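The structure under discussion appears below in the form of structure tokens.
Chain naming follows the written order as A, B and C, and within any one chain the residues start at number 1.
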Amino acid sequence: MSAHLAEASPGRPAETAGLSVRGISKSFGPIRVLEDVSLDIRPGECLAILGENGAGKSTLSSIIAGVLAPSGGTMTWCGEAYAPRSPAEALSAGIGLIHQEMRLLPELSIAENVFVGRLPMSGGRIDRRQMIQRAEAQLKRLGLDVPATTLVGRLRVAAQQQVEIAKALTLEAKLLIFDEPTAALGGDETDRLFEQIDRLKAEGVSSVYISHRLEEIARIADRVAVLRDGRLVAVHDTASVPVRQLVEEMVGRSVDRLFPDLDPPSDRVVLEATGLTSSEGAFQDIDFTVRAGEILGIAGIVGAGRTELVRAIAGVDPLASGRITVAGEPLRLKSPRDAFDAGIVMVPEDRKGQGLLLKQTIEDNIALGNFDLVGRGGWVMPAQTRRFAEGAIASMGVKGRPEQRAGRLSGGNQQKVVIAKWLARAPKLFIMDEPTRGVDVGARAQIYDAIAALARSGMAVVVVSSDLDEVIGLSHRVMVLSRGRNRGIIERRDVSHVAIMERATT
Amino acid sequence: MTTEVTSPRAKRNLLPRIAFGGVAGPLIGLVLLCIAFSFASQYFLSIRNALNVLDQVTVLGILAIGMTMVIIIGGIDLSVGSVLALSMMSMGWLERMAGLPLPLAMVLGVLTGAACGLVSGCLITFARLPAFIATLAIMSVARGLANLLTDGRQIVGYPDWFTNLATVRHLGFFSVTVTVFVVLMIVAGIFLRYRATGRNLFAIGGNPEVARLAGIDVRRYTILTYVVSGALAGVAAVTLAARLDSSQPSAGLGIELDTIAAVVIGGASLVGGVGSIAGTLIGVLIIGVLRNGLNLVGVSPFFQMVVIGAVIALAVTFDTMSRERK
Amino acid sequence: MLRTLKTTAAGLLVAGVAMAGTVRAQAEDMTIGLAVANLQADFFNQIKQSVEKEGKEKGVTVVTVDAGGDSATQVSQIQDLITRNVDALIYIPAGATAASVPVEAAKKAKIPVVAVDRNPPDAPADTFIATDSVAAAKTLGDWVCKQSGGKGKLAEIQGQIGTTPQIDRDKGFSEAMKDCPGIEEVAKQASNQWMQDEGFNIAQAMIQRNPEISIFWGQADALALGAAQAAKVGNLGDVIVVGFDGDVAGLEAVKSGTLAATMTQQTQLMGRLALDSAIKLAKGEEVPAMQLQDATLTTKDNVEPFLKDHP
């Protein structure tokens, strides 16, 4: 089956339902990002599209959803020629897209976001009650239990993503495209999303599911199409294809392993936290230690307080009570500056909103916060900045030049820039919140290697992740949070999906 | 303009990059404008007229230095024109009515400006008002206070040495006020380019949350930036008083918009994070040369407005287009 | 594409500016600079038009600059006119009190200066042309006293405070009021720009405080027109509104009865006189230091000829 890329020959009339894509190409100037892609999406099926960043997945989905116009090729939808000129046209034909980058209006309520552009009306006025009820019903099915009148800007990233999904699910579309919908979700929310996709399937709605996460694809997709460098490599039935083959097709070479070997940590305690309690109620009474050379994973479902905990340790959010010592020295944290003067640095969860200046160059990003290391007496010379950045770029293997704008880099390279920035300070404790969010498989392995190397060099590392495989594969010990409390720390030899989920759901 | 940097060429391209600091676009515009006016008017191309232009842009230029910093951190300062008037009037009032020596009154005038900036900065950081609204409020308050000091009357009768600061060209070149302007430009240019504090302003404008997580005290920097902008409005006030040989409560009406235009023509982005003193200088000169040249050519005042508006739109369009092409 | 656009735009600019230059070159030898305070005000605009018209007839080039009411701008503009080597300068000062800096700069460059409407007190121009505002305002005040039967409540809307015309008009009118004790002044407020919308807002507030106002005295026609409008909106029955300047809108309003009277300044004459004086001064001839002009009391009875042919 895998060899037959196009099931229907061009001469034969297309099936009466479903989407046929024939010979689609797309170029941006001289750069060809899609090359002669032909695919069929059958009614009621979930087709996964797999590929590294830059393989053309998002471009393909944008073309189907009317966001971009193809440079060549045709599409047929429900037996008729289909060439949407705008997302609105695609929507009215019954094709909707859930964007990887969230497109929400932070100053509007959840309900208004879900129904924006098609607010339910009655008697010439907006029917608020109906709007709120329908939005809340949909949110509940996705496992998000907040009033639909909450402003979207107040929600955490994961909840925002769920709103984005709820918006799409209420479109009553016949084909939905999910572009990395779980990038910010925890395991539980992901399961709820899959239940919804199953329900859609049963109703005959087709879906296209774009993801890096192979285990999700195995769970949800009927078939999987692999893209590489803008070309369709293969289409498989999910049930019959080994994961290893998919990965190799995706990266174009064989991958032997994703996670690095870990060296045993030393006995020297770097961070000791006792009785940490959030001033905003996100977590209570949390005790733990991290030793030099150790990687501590923090797992938990969304809303468990993981991000809030590490933000407080990094001096970003205030603590109500509790004691933190670094290498035996007690710490008073009032600002991020206090934290990194004490040797604590953090790579934040929201890379684009909190970690990087997208419009500025790589060298500016790396120098930011490190000016005391770049120059003397407050002077910062461009040549020194350049040398400093070049050193950091080389140490992390960033694919980019110092004068390139950070916004132009791939997710993986952006993450490496953020890590490189803090590496130069030789910190004692390195905190990573969702280090591989939106990063493709190839780059992921490199980031894992880099994290292991940090630990090997004697730093203490804390990794927060929603990806259970990541937490398990990367950590010496895993601390599980649930509803703001520490539900136990699991040693590497005992750790498993089950062990984590048992504690995470108490 | 070519930032096509492949590694062997990178080193060679570094020199023009530093020299022009990414302001090649506006610079080309300025040069074209000068060439055009040289052909159109026999009086344009002379040292004396060049000095006149510098003289004429001094006030705008000093204000634009502060505005550049404010715009780099992603803010806006609508109050500079009114703060200028208030500083000017308090200087005059302190000297004429309160009988302080003029040099002291000059310093206090500058401090008045700084105090206005402090209030704006606190409104923005502590009361969390948008910069647009906070400085709009100060704009109104300062203009009112400037008028209240003398019930709307202007103050005249400064000593000769004071006017001479603006009118006597030492060694045949720079008057004291123009020298102050040039020195401030150089200092600000060095500050924004080579000082860690200056670089931090770009980070705040790029993304305040990223800056905060990088250990920058965003609040303190924001307040200080508005204080500097206010103080520079005070310096501009002293300069203008010397130039007019009087203090007027209606001075600087609408000049905040010229100032913003100059900074944006110079390549700064109103979203924040982008901008340079070199660019601002060019923006200021474009506006100054344009007004001066059109007067020398004898273009009708109504048509002048049309031309100036068109040039602002063109200049910023070219800049945006060349940025996008990169 | 970008390059082409840039080149085209630059070419157009050069061509445009150069064309303006060639038109200029055909005119005669003498060039007179005209620095206007604010062309948005009709009074100044009328003088400007008169100077330019006269210049055309006499074959003299007139270069006009407009300060838009800002004295700093005006200083720069006069600097440019001096650079341009004008033979004489007509200076209508912007700002509250006329700035002396431009006159001094012109004198240093040996360029004679004709001041119109306002004269810098500490550095007077070679000649000063204006209306005798004190006398004119007194004439107007006497007429108001007679017209109202010597009784009523007066509201006064002043011009920009501290300017020569504001001070003079205040002075003349209050002299007339001294002889008219039956009229009580109930409100007095200054405007910033001599503009109609200011007049409207100020008058509306005055009516709010004191609905019994029976006389509005606007120190410019625009201010008086604003007051008349406010009186109409406020349903004030019998109210006498008088203005000053006799600009076109004011005269039309006198004709229609909106304004009871205005003092018509001889703007066309002042413009002609300013240009003639400038030419004489440039040729080195003598001109009197003060050239004050009369203004004519204008009511419905005598407005027609002024509308046809403005003095």
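Worth a mention:
Simple rule for what comes next: a residue touches a chain if its C-beta (ideal position, glycine included) is under 8 Å from a C-beta of that chain, and two chains touch if they have at least 3 such contacts.
Each chain and its UniProt protein: A = Sugar ABC transporter ATP-binding protein; B = ABC transporter permease; C = Sugar ABC transporter substrate-binding protein.
These figures come from a predicted structure and were not determined experimentally.
Counting hops only between chains that touch, chain A reaches chain C in a minimum of 2. Just count the C-beta contacts per chain pair and the biggest one is B-C. Distance between chain centres (mean CA atoms), chain A to chain C: 69 Å. Computed centre separation for the pair chain A/chain B is 44 angstrom, with centres defined by C-alpha atoms. Mean C-alpha positions place chain B and chain C at a centre distance of 33 Å. The set of chain C residues that touch two or more partner chains is empty.
Residues of chain A touching chain B in their complex: 314, 316, 335-337, 340-341, 346, 348, 353-360, 364, 367-369, 371-372, 374-375, 378-382, 401, 403, 421. Of all residues in chain B, only 28, 32-33, 35-37, 39-41, 43, 46, 48-49, 52, 55-56, 59, 151-154, 156, 163, 167, 240, 243-246, 248-254, 291-293, 295-302, 304, 314, 318, 321-322, 325 touch chain C in the complex they form. Those residues of chain B lying in contact with chain A across their complex are 3, 5, 7, 10, 18, 193-197, 199-200, 202-203, 206-207, 209-217, 273-274. Listed in rising order, the residues of chain C touching chain B in the complex are 2, 5-6, 9-10, 13-14, 17-18, 20-21, 24, 36, 39, 61, 63-66, 69-72, 75-77, 79-81, 83-85, 95-97, 99-101, 105, 122, 160-162, 190, 192.
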